[in-house]
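Labels run A, B, C and D following the written order; every chain starts at residue 1.
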Amino acid sequence: MGEAMDPQTIIAKRVAQELRAGNLVNLGIGIPTLVANYVPPGLNVFFQSENGLIGTGPIPEQGMAHPLLTDAGGRPISALPGASTFDSAMSFALIRGGHVDVTVLGGLQVDASGHLANWMIPGKMVPGMGGAMDLASGAKRVIVAMQHAAKGKSKIVQKCGLPLTSARPVDLVVTDMAVMGFDGGKITLIETAPGVSVAEVMAVTEAELAVPDKVPEMKI
Amino acid sequence: MKAVSAEEAVAMIPNGATVMVGGFMGVGTPERLLDELVRQRKSHLSIIANDAAVPGRGLGKLFDAELVSTIMASHIGLNPKVQQQMMAKTIEVTLMPQGTLVERIRCGGCGLGGVLTPTGAGTIVEEGKQQIEIDGKHFLLETALRSQFALVHAFLADYLGNLSYALTARNFNPVMAMAADTVIVTAEHIVPVGVISPDHVVTPAPLVDYLVTNG
Amino acid sequence: MGEAMDPQTIIAKRVAQELRAGNLVNLGIGIPTLVANYVPPGLNVFFQSENGLIGTGPIPEQGMAHPLLTDAGGRPISALPGASTFDSAMSFALIRGGHVDVTVLGGLQVDASGHLANWMIPGKMVPGMGGAMDLASGAKRVIVAMQHAAKGKSKIVQKCGLPLTSARPVDLVVTDMAVMGFDGGKITLIETAPGVSVAEVMAVTEAELAVPDKVPEMKI
Amino acid sequence: MKAVSAEEAVAMIPNGATVMVGGFMGVGTPERLLDELVRQRKSHLSIIANDAAVPGRGLGKLFDAELVSTIMASHIGLNPKVQQQMMAKTIEVTLMPQGTLVERIRCGGCGLGGVLTPTGAGTIVEEGKQQIEIDGKHFLLETALRSQFALVHAFLADYLGNLSYALTARNFNPVMAMAADTVIVTAEHIVPVGVISPDHVVTPAPLVDYLVTNG
């Protein structure tokens, strides 16, 4: 192995492998945003910005930004040829109507049954759910991209203590240590990160993780 | 439709009014009307908007000036002043999913009593809401939202009131332009009638009550 | 008086007097369509065609029709400067949301409490309600434009025998014999047609019509 | 999105399929796909459309060829063949208010379970429907409609699948383009990617599954 990758890069690179040609993809803020940097060249993926754009392109070059073309955080973006813009009703019709093939969301906790909590910490952080609940409920496939643990505590828990984002389970969780799925309704280890052993994953995972006989390593 | 100055437009809004404000993180926001609300010190406003922007920008200006009593929004996390005023209980904040917010406003503008949405079912969002099951699927009944005023920002307006929007500045504007008793519009450019192609009009003229003149 | 007007012209001319500057107006098929011919010159009224247009203009001159610009019956129309086009969801959002100031609808029966029946005759005529129910329920003001009687039978009845178009009462009925309103929830004679006496109206009206002391004649 | 011939597109539709068809009295209707449905004699179709057009035109062609088993529409009165087939009970017709029809389709495309509408309350339309009272106002619960296929006609399409519509040919097309498992599109003109301004795209590319090539 060459230079060690930082945790965010591991996660973003691995998630990018889940995208397919023609997919409409919505990336949440934080780590999910980085996924766009690792889409294989030549793979045509549509990125949606929920403030009203399909066809999000890279940050514009110096002098080429326009104040009326921004991402959901209000930062300048570019639009690729073939982009489309629309109002918020249409944007969330796309999200809720199952037209978004993949959403990648950050997480505070994911539990053994696939429930995601990512929008508030009661009494502490109450920013509002924005589009997170709609994405978690409406997108065809929900992928959580987050660090495996924070401040020494597992973010993969047996049961979410924080308020849920959706009653609908997520489909895949990609962390800096592992890829986990929920086939059969039970959290299952699918891959480990480069250089990370199954035992190491188990040691920092609070949830009861099903472990198949063979667990391949991420190819990133 | 009547052409008015920003001063005249805002003078119509009483203290304590319910006001929808277009824009998304300050993009596509009717800044001149917000500036004028601050100048005329219209207070105790009940705001419906996607977010509270940031201090000094868009809706943030109303919170800087402490003119807001209640806000319904999907996200306020990037405006620390709103967080402070919420914690200090000087404003009341109602948060809801962005898709729910926009559909509720759409209902208000389209004469619908409400919609059934799966978003929020099984979360704390469902508290106090009627729940309806259809074909074994669980939905929340989300009811219509309307307001006394909608402040809308367009890219092009013509002198009949037809509006079109640019890029990501469209966002909540066209939906809000249908859901208020009085719709007040600012536009980047005001153009002669017939200049906007019928196919490119997003908000038809009869929806607009007041157009704020430029310059 | 000069030449006698035909019944349809009386109705259309009288209804046109109800339109105000800036009104968004939707005209049903039949007699209501004729109202557009009698809008006072210089009065700016927006006509909606529910298939997706505001700013309907007159029938285009020879050679100037376009197959993609038609009224709700599929006939060529023109679009005035400042027209707008939209999809059916928007068209009915305008109608249901109370954005249409006045709709003028044809009628089979109107009853003493203002209920309109205009869309089906059970066992005989089942064309479908099209937009009629939405217009009758959603427009700010509903005016019925129809002949007072058909085949010797009053169309102004005490109680509709035909299926209702809406539970919401209409605001005004204009016939070739009279104008009738519903202030106080009771059908009331407001005007008589030129040369028609109150007694003549009463004689061909099945509904119990309230008649004020003074009933002016239409000025058309 | 995949570019296909009309023949290939229609070959995907099985007998007995549920099919939404855009258009309003034959305006904005995907005529080539209807012609091909007739040529391939796809039968027992369940159609959702605004109307049945007239014999020989638009949807009328399917009734001329007796390929339809059921139709949900708002108006069929201008097609005597449909009236005849309805009276003869060879087709089943479900009529509903036009605004209800389009909102039900919109629900199907937008992930909503249904909407509350005042239209039809207190009339025979309310029969068999859940009735909900909100703030003393009486609403009918109208549920979502979806179909296996939507046949959509656009004015411009690009090779990614972005669509725009012209004048009154827009009608039900963009709403149906969201509410079917498989969306098949014909267009008056197919243009290179980037030719349709982002602000003028009405149906974004990812909604389109198949674009029928011209010429």
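The working rule: a contact is a pair of C-beta atoms (placed from the backbone, for glycine too) under 8 Å apart; a residue touches a chain by one contact, two chains touch by 3 or more.
Source: prediction; values computed, not measured.
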{"item": "Given subunit A and subunit D, the chains that contact each of them", "value": "B"}
{"item": "Taking each chain's C-alpha mean as its centre, the one farthest from subunit C", "value": "A"}
{"item": "Rounded Å distance, subunit A centre to subunit C centre (Cα mean)", "value": "56"}
{"item": "Interchain centroid distance [CA atoms averaged], subunit A/subunit B, Å", "value": "29"}
{"item": "Cα-centroid distance, subunit B relative to subunit D, in whole angstrom", "value": "32"}
{"item": "Touching two or more other chains - residues of subunit D", "value": "103, 106, 110-112, 117-118, 165-167, 170, 198-199"}
{"item": "Multi-partner residues of subunit C (at least 2 other chains)", "value": "53, 79, 85-86, 92, 95-96, 138"}
{"item": "Graph class of chain-chain contacts, one of line, ring, star, complete, other", "value": "other"}
{"item": "Pairs of chains satisfying the touch condition", "value": "A-B, A-D, B-C, B-D, C-D"}
{"item": "Residues of subunit D that touch subunit B when the two form their complex", "value": "103, 107, 110-118, 130, 132, 134, 137, 139, 141, 143-144, 164-167, 170, 198-200"}
{"item": "Subunit A - residues contacting subunit D, complex", "value": "22-24, 46, 53-55, 79, 81-86, 92-99, 101, 138"}
{"item": "Subunit A contact footprint on subunit D (complex, rising order)", "value": "1, 106, 109-112, 158, 160, 162, 178-179, 193-194, 198-199, 201, 204-207"}
{"item": "Contact footprint of subunit B on subunit A as seen in their complex", "value": "49-53, 66-74, 79, 85-89, 91-92, 95-96, 125-134, 137-138, 163-168"}
{"item": "In the complex with subunit A, residue positions of subunit B that touch it", "value": "24-28, 50-51, 53-54, 73-78, 83, 86, 93, 95-100, 102-103, 106, 117-125, 138, 155, 165-175, 202"}
